[in-house]
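Below are two complexes that have subunit A in common, paired first with subunit B and then with subunit C.
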Partner chain A sequence: MLKCSLDKINSVFEEIAKTAKLYIPADDKDGSAVYKQWENGIEWSSSLNTVRSPKDFFLPQMENLMEFKTEGKNIEVIDNRCETEDFVIFGVRACDVKSFEVLDRVFLSEPVDSYYASRREKGVIVSTACSKPSETCFCKTFGISPEEPEGDVTTWKTEDEIFFKANTSKGEALLEKLSAYTEECDETVVTEQKEKISAIMAKLPLKDLKTDAFGGGKTEEFFNNPVWEELSGSCLGCGTCTFVCPTCQCYDIKDFNTGKGVIRFRCWDSCMYSEFTKMAHGNNRITQKERFRQRFMHKLVYYPENNDGMFSCVGCGRCLSKCPISMNIVKVMKKIGDVDA
Partner chain B sequence: MSNREETLIPKVGVITDVRIDTPDIKTFRVVTPDGKKAFDHRPGQCAMLSVPGVGEAMFSITSSPTNEEYMEFSIKKCGCVTDWLHQAEVGQQITIRGPYGNPFPVDDVFAGKNLLFIAGGVGLAPLRSVINYCRHYRDRYGDIDIVYGSRSKDDLLDYNEIIEEWSTDAGVNVHLTIDNPQDGWDGHVGFVPSYVKELGFDTNKTAVLCGPPIMIKFTLEGLCELGFDKTQIYTTLELRMKCGVGKCGRCNVGAKYVCKDGPVFRCDELDELPDEY
Partner chain C sequence: MQKITQNQLIEKAASLLSDGTVNAVLGWSRGEFGYDVTPKMFKTEEDLKENFVWNDFCGVNFSKYLVSKTDRFDGKILVFLKPCDTYSFNQLLTEHRFEREKVYAVGIPCEGMVDVIKLKAVTGEGISEIKEDGENLLVTTIYEDAPVKVAFKDVLLERCINCKSKKHVAYDELMGDEGEVIESKRFDEVAKIEAMTPDERFAFWQNELSRCIRCNACRDACPACTCEKCVFDNPQSGVENKAPANSFEEKMFHIIRAYHVAGRCTDCGECSRVCPQNIPLHLLNRKFIKDINEFYGEYQAGAEVGSRAPLVDYTTEDLEPGEVFDRRDIDA
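Moving on to the complex of A and B:
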């Protein structure tokens, strides 16, 4: 365990930024936290709960995949992939760290997505134990520990100090670079901090939400439940939930003609959109009910079925605070799973 | 520049032949610019073809893997990419990547079995790969029955190949039907599902179905009435796809992705999936 006075945090950031791009949650103009690239003057937000999840760092909202040059009947495929530069994301919440594992199981399974893999290899994740959860938070439901989040390095922040623990070789290498600012310490303060966080979490309104009703093999049990109709009735199909969700990874691939060639790019897509499954000859999810059901069945049944029981939700609470009609996964879990919480 | 493999980055393919099969179906022969097959495949697998600037779409590979010179794709004109392909000429380059999905179990489950292929319209495209594979290794299989129907005689895909090659093979019985009577047609008239019931096949066969969803539904019911068990019947599905490898999140039916867990399914496996395909 290492520690450093918070007075020196900007020096720590400066040290990290010497060899890698550094991103930290910083306060935006409207007071909400957003990831910003650190430079002198950018202050670490007191909130870890960023509006947008950090999935952008590994699965950007839009990225170019390749280019084509066409001349007459001929086509040239231009593979202009480049390796990502080293980068560090500092101050990631426990839930968001867990979301990377959900994404990994999609993008790092065979055939590996090279674009994602490059960023995942170059990115170092520094998590921070979460002592300021929102009322919408329910990470504990998914067995996530806000007291001791995963990541290459775990940090704990107190009033005046920050504590570091490396979990991986990448994390050790990062802490090595910070040795001028840190000193060895025992775990007394961190243990106290963890207890404090546990006490805070125990007071959250969604603390009793359980996943017991859900998991792989439950398609038949839930698919034809008439409640989907009622739950999806007001859904606008806006896709906000899928965009703010750290684990939603559906994507589209499209071509853009630049006039000098064609760029094939990937962008986020949403299963909530009416054209998501639309083909030239038909659509297998015609109504919003079907699209709505797909999203939640995927998170609570299909994904766990294919991923050893792991759910595709980390309880970050973003969809709870952002949905314009206040529909969300918690309401779905309570209603469909008949769960009291 | 990255050394990593990337399935989304396609190869260039050249259209070396365009055959007009029906008023809205053309069969495209594709090789690499140096004249080779783009990749090996198994019967029932698919490939992503694209026209840069227009789009990319998944197509079944209609030629048999035993064809070592080229691949063929029978494509119906019905959307952006297919419209564009239909106006393409010989020599036009496109892009190709694959193969994707699971093939029909031609070397284990089908071996030694009597086979019954049932197709409607462009649904023959994926089955042609299996039919020609089984014809190539004729002694590995029992009798082969092929029931194929379309709207009219002009809409029958691969008509010349069916008449000149399939119908003349020993132990291969071809049963053609069209939806409505037509001058110059003295064969059967009627829809595929009812024709299958009329023909009344023995249940000592493994059946392979492909066609419009409504045809599959009624043919499946008909086969079950004839005493077939769903474990004897295979089909191949089609849903919208972008990646082809189970990542873009588009083609799932329940927990299964058609691109990587399908497109070939045994009909009893389909019963376990939600009705969303």
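Moving on to the complex of A and C:
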């Protein structure tokens, strides 16, 4: 275990930024936070988490995949990939670190998505334990530990110090670079910190929310439940929940006609959108009920069915705080699963 | 801080349900933390008693829901409308977006609704309960031993601070007074932006709009946006875009939307309330309203059913297009 005084955090950031692009949660408008590229003057936000999840770093909202130029009968394929830079994301919460594993299982299984894969390879994740969870947090429901988040490096922040622990060789290499600012220490303070976090977690309103009712093989049980009608009844279909969600991963690939050729790009899509499942034969999700059901069935039933029981919600609470009508996965779990919490 | 109580509304709804005046009630239902209420169709008295809420967080404007609800529900729907909601109600009727006979509208007074972001800026994270106490909210959080006292008027939504009217312009029945149109300072912020240099103004909007994640919540919550298929959702339109390819497209979405609702936007404030990125979208629409007022005389969309908005009407008093151009420097 290493530690460093928080007075020196700027120098730590400076050191990291010498060899890689560094992104940290910084204050945005009205007390919210956003990942910003660090430069002198950008300070680490004290907010719990960012409105936009860090999935952008691996699955950007929009990215160009390739380009085609046509001249006469020739087509030239141009490689316009840009995911080649080393970068570090600092201060990632436990829930969001877990979300990368959810995405990995989709994009790194065959056929591997090479754009995602190279970003994953170039990126180093530095996580930070949560000292002030929100009422909307329910990471524990999914077995995630805000006391000791995963990541290449785990950090804990106290009033005046920051503690570091490397979990991977990438993490070790990063801490190596910071050796001028850190010193060895024992685990006493961190252990205390972890106990404090556990005590807070035990007080959260959603602490008793369980996943027992859900998991693979439950499609028949839930699919035709009449309750979907009521739950989806007020959904606007706006897709805010899917865009702020760290684990929502649906995308569309489209061609943009430049006049002299085509730029093929990928952008986020949302199961909440009316055109999402439109195919040559028509659309199999005609009303918002089917679209709404898809989002939650995917997280709670289909994904675990295909991924050894792992759920594709990490309990970050973003959909709880950002849905314009306050409909969300917790309300769905309680109603559909009849879970008391 | 609301003058009318939750129980009064539940009683009213239950009696209208039981005497057959209505078959369902569009109301707000209870959430997990006191502030997270969700619109819901109530069909029984038990459900009303158990789940119906009326508190300082009932900001959702129900008028737009009437378009889809009346379409899909056979029977009459009771809807509770705050004064600002009644303007959207009228505007939608003007545009023939739902059948008036299928709705029973009860006007309820409103003292303003609370902005959860502002509230949390005072109380911090970890809200477990919110109670009303005179002019204050008592907020229990898991971090403080005693509830945090927050003055209600300090944490109001922007639209409520600048409330334009406490008057109900549409109803079948009123609970409380009809209310009055009130003086507001809603154009002050617009005037500030008008006073900027073009570069400053561009930078202001660039900064705000670049934070947009194109979730479409602003459009989907907007009672003036009720197209069956939005041009931005239509693959055939050529401008369908799920993600803005660049900052030009980002702005295009918002500017096209602002133009499309010009003269129809009642300034209900839903767009800014729902934006997850806290973008002050209402300022775009208010600029249009302010200009319309200055160029064609005061006009409030939704003040009455069937009024012709100045932009789709012609009178000999209308100012010449060139005059608009000449006036462009007046405020600068």
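Going forward, the second predicted complex is superposed on the first by the 333 of 341 C-alpha atoms of A that agree within 3 Å, B and C clash if a C-alpha of one lies under 4 Å from a C-alpha of the other, contacts with A are read in each partner's own complex, and residues count from 1 in each chain.
Convention: a residue touches a chain if its C-beta (ideal position, glycine included) is under 8 Å from a C-beta of that chain, and two chains touch if they have at least 3 such contacts.
If you're wondering where the values come from, they're calculated on a predicted model, not measured in any experiment.
> Clash or fit: how do subunit B and subunit C relate after the overlay on subunit A?
After superposition on subunit A, which the two structures share, subunit B sits beside subunit C with no clash.
> Please indicate which partner A:Asp252 is in contact with in the superposed arrangement: first for subunit B, second for subunit C, both, or neither.
Both partners, subunit B and subunit C.
> In the overlay, answer first, second, both or neither for which of subunit B and subunit C A:Val189 touches.
A:Val189: touches no partner chain.
> For A:Glu135, decide between first (touching subunit B), second (touching subunit C), both and neither.
After superposing on A, A:Glu135 lies in contact with subunit C but is clear of subunit B.
> Look at A:Ala20 in the shared chain and tell me whether it touches subunit B only, subunit C only, both, or neither; answer first, second, both or neither.
In the superposition, A:Ala20 contacts neither subunit B nor subunit C.
> For A:Leu175, decide between first (touching subunit B), second (touching subunit C), both and neither.
neither
> Look at A:Phe265 in the shared chain and tell me whether it touches subunit B only, subunit C only, both, or neither; answer first, second, both or neither.
It touches subunit C, and subunit B stays clear.
> Touching A:Tyr273, do we find subunit B (first), subunit C (second), both, or neither?
Second partner only, subunit C.
> A:Lys29 in the overlay: touching subunit B, subunit C, both, or neither? Say first, second, both or neither.
The answer is second: A:Lys29 touches subunit C but not subunit B.
> For the superposed model, what is the least distance in angstrom between any CA atom of subunit B and any CA atom of subunit C?
Least C-alpha distance after superposition: 9 Å.
> Per the definitions at the top, what is the overlap between the subunit A residues touching subunit B and those touching subunit C?
Overlap of subunit B and subunit C footprints on subunit A: residues 252, 269, 278.
> Show which residues of subunit A lie in contact with subunit C when the two form their complex.
Its residues touching subunit C are 28-32, 34, 48, 51-52, 61-62, 132-136, 200, 203-206, 230, 233-234, 236-240, 243-244, 252, 256, 265, 267-270, 273-275, 278, 320-322, 324-328, 330-331.
> Hey, which residues of subunit B end up touching subunit A in the complex?
1-2, 4-12, 50, 52-56, 78-80, 82, 89, 91-95, 238-240, 242-243, 245-255, 272-274, 276-277
> Tell me, which parts of subunit C touch subunit A in their complex?
Listed in rising order, the residues are 31-33, 35-41, 60, 65, 116-118, 120-121, 124-128, 141-143, 211, 213-217, 219-221, 229, 233-235, 240, 242-245, 273-274, 276-278.
> In the complex formed with subunit B, which residues of subunit A make contact?
65-66, 68, 70, 73-77, 79-83, 106-107, 109, 111-115, 117-118, 216, 219-220, 223-224, 249-255, 257, 262, 264, 266, 269, 271, 276-281, 284-285, 290, 294, 297-298, 301-303, 305-306
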